[in-house]
């Protein structure tokens, strides 16, 4: 008689998606490749970073002439600790994901903060971008942010 | 609007891993039970709509097999949303407004145990700026929880939500997580995504549920105490966490106002809060006072069949109205990172004229 | 009672194999903005957004509507995401129309898209599933045997499929948005193209496209207020049947026949071939034109191919089918159904440009199907109020 | 510090690879069918309402929406109801083209099974052709349709069109 155990087998889903990025995202990523961080000025005057193509408040198109240069330093506005990094994560040791409001911007950008210990993390802490040597025009060109002494 | 009510609800007990049955085998008895309880013949149901997600199974068109559980022959009027079943119910409610059909079947299912749900949910995020960093669902909720705490709340308040959910779940045979822990017990445990501990996060569940809606006199004929939908609305917010105020839920507030939550007293609320802090944010957004029984089923913290958990909230409220345990309740569903999209449904025993 | 519903704006992107100049949001936005401009309304005039697309694995983004909320001006509004396989573009338009017909909203933006160049459709549709031999080869591998069965049942001559392949590509030369614009298209060129899934030749198949289509639907007041002609929704219908069950006729599915019968009854149509100016139907492989002609009731059983063979379905024929060039010329899968619905609206509005057919009855049909020929969505639109 | 990339043109695209491992289970009914294949048997299930036999069983009679319960064993021979010749390469393909992918209506079953037809030239395969399974050696069988290597012609006369035209 056929067995009654149900069968189980791994089903691998993998694909190297290629995404075209358009002019706004493309400009930001080009900047990262050149170690520059830019934001974009929304219709209400706020500077959004990362720069988005459409104003989240009212759907208006934002254009390349609204780009604003920003510092590569900023402030953590919220954070969460990653005690066991996944293989895909930017760092292979415990780190924080944080929203980082770069100096000159009004909104937070999600990225990794390499603070060593959870106890070193706090809202309001100052951080600086730490760049990869080999940059290709991607959000991962910033490998992480690292804590800085308070100004 | 035409009077439409929930006349029956059925659900599968949520489990961490349904080992033997596939989605169709899980769904078939649930759909059959909802139809049976409705008192409406399977072939008389005018419209069928479901909610499910291809990425839970990792195959395209996962919803197509779900249709096998319905007995869609002769062919039926049918639709599907790639959203929680609560939005499928919204589509059915809209369709029932035409007046040419009087009943609808809504079902939803999710077998999250097949994959790594927190990682799969990363694929919901901005594909250019955020997903390439692979923050998972726990990290996204953790960012919101930290913002919530920084706004003047405590981890103990969050733990209290978990304690109450687990105690309530002891009376719920469909729940997956139950217990008698105290706040102190829970706060002594380690973080999983600080400031979130395991108790702050909904479990991962396999489950399914189904609801039958009926309009006007059909609802009155088949159900002693129909749970009338007196208001239903849903809203979405901006996608990026950085451009939102994470300590409130503006979309829930708007949807609640438009659904008329505050127009009369509420007895019971079932909120789809997969994280403890989100329940507190949602209570505030809906203006629910201390007199409201929140998540008497244990809520999503006790059973969380992804894609079906929102629809189950509507079913849980309706069931309490059917039984006479409640007169008026509010159900809520959410989707997206950090409560990006929210639906609010008000159910009332007194709704039908 | 239901409210009247009108198509007050239509927008489409240029369809291409790779829209390398835009992000996914940029692609969807392009169609949406054109629909708003056509409707002469702004973002703030839109009450809700209904979006549709086929499997999320094409782009590798789960529920992309969450990320697209900002680009579609949906923030603070209701947003719904429909997925009914290949019929999704049609189903999405029907859900949007239901929000108007139920009296819930005054103006709804509906959008459907696919950016297939982000992955590979054959990969997405033919990934081996454990315990099954990898015998299927994309949609063509599924539909070719059904086409063979149709040819056998109807006794249709081999050249009918080739004729559709030529005719739809000739029509595409009239449509500036079409993906495939083959200037030297000819019977010989299609006949000599390689057999991919015998009996389907390369030039009898649809391309894989990037693209989006959008419509602004409005209630009666919004339709009356429009300065341009609008297309009134006369009937909508949907039917589904399971993929596989004993006794199923997958060549001529009952769900399609029932759906059409419901549609014609709602619209008061008894002879669709005489009462419509044009039909935009979902023909991803050339033989599906004659197959659907029978399924939809344009031709008696076994005689759909005679309409193609006698040029009745040609641009100048008595029942023009796919004057836009159809799915055979542009196929962003999730949007393909909505393009059919939108093109039907353009025909009755008299705004189809070079591929405008002669207006006689002022009515046209849009059709979409999906899955294993099991999900159907259709509408009839008209120049006059229903 | 390396700034080698600075001189390149504007960024137009990014690569975002994904890798997920799911645990796929075909469910109870299909598992029994697959276990049967491992033993060289083809099992079907009969719908208690309409009496039709499903192979492979899907756990449900989709037209009635009820579980199929009674198990039946089929002889394995069948009829090609329709087919196509696949001649298109694609990402992930494992079989050499051209190959024949057919719907085989097994004797005693009421729905067709998708499988390969071999030991015959692709242009000789036709509707109505009688076929039988060619099994993998018993030691190498797995609970998969791949335990049947392919179907091949039996040499019997063709089945009349009317006997299978309802089963494409």
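Letters A, B, C and D name the chains as they come in the text, with residue numbers starting at 1 for each one.
The rule is simple: a contact is a pair of C-beta atoms (placed from the backbone, for glycine too) under 8 Å apart; a residue touches a chain by one contact, two chains touch by 3 or more.
What you see is a predicted model; the values in this text were computed from it and never measured.
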Pair of chains with maximal C-beta contact number: B-C
Farthest-lying chain, centroid of Cα atoms versus that of chain A: D
Between chain D and chain C, distance of the C-alpha-averaged centres to the nearest whole Å: 29
Gap in Å, rounded to a whole number, between the CA centres of chain C and chain A: 38
Chain B-chain D separation of Cα centroids, rounded to whole Å: 37
Chain centre separation (chain A, chain B; CA means) in Å: 30
Of all residues in chain B, the ones touching two or more other chains: 19-21, 58-59, 65, 67-68, 72-73, 114, 119-120, 123, 127-128, 131-132, 238-240
Shared-contact residues (touching 2 or more other chains) in chain D: 12-14, 16, 18, 20-28, 30, 34, 58, 62-63, 143
Multi-chain contact sites of chain A, meaning residues that touch two or more partners: 6-7, 9-11, 13, 15, 17-21, 25, 29, 52, 56-57, 138
Pairwise touch network: line, ring, star, complete, or other: complete
Residues of chain B touching chain A in the complex: 19-21, 58-59, 114, 119, 127-130, 132-136, 138-139, 141-147, 150, 191-196, 238-243, 246
Contacting residues of chain A [partner chain C, same complex]: 7, 9-11, 13, 15, 17-25, 52-61
Of chain C, residues touching chain D in the complex: 20, 60, 120, 122-123, 126-138, 140-141, 144-146, 148-149, 152-153, 194-200, 242-251
Of chain D, residues touching chain A in the complex: 1-6, 8, 10-28, 30-36, 39, 41, 43, 143
Complex interface listing, chain D residues touching chain B: 14, 16, 18, 20-30, 58-60, 62-67
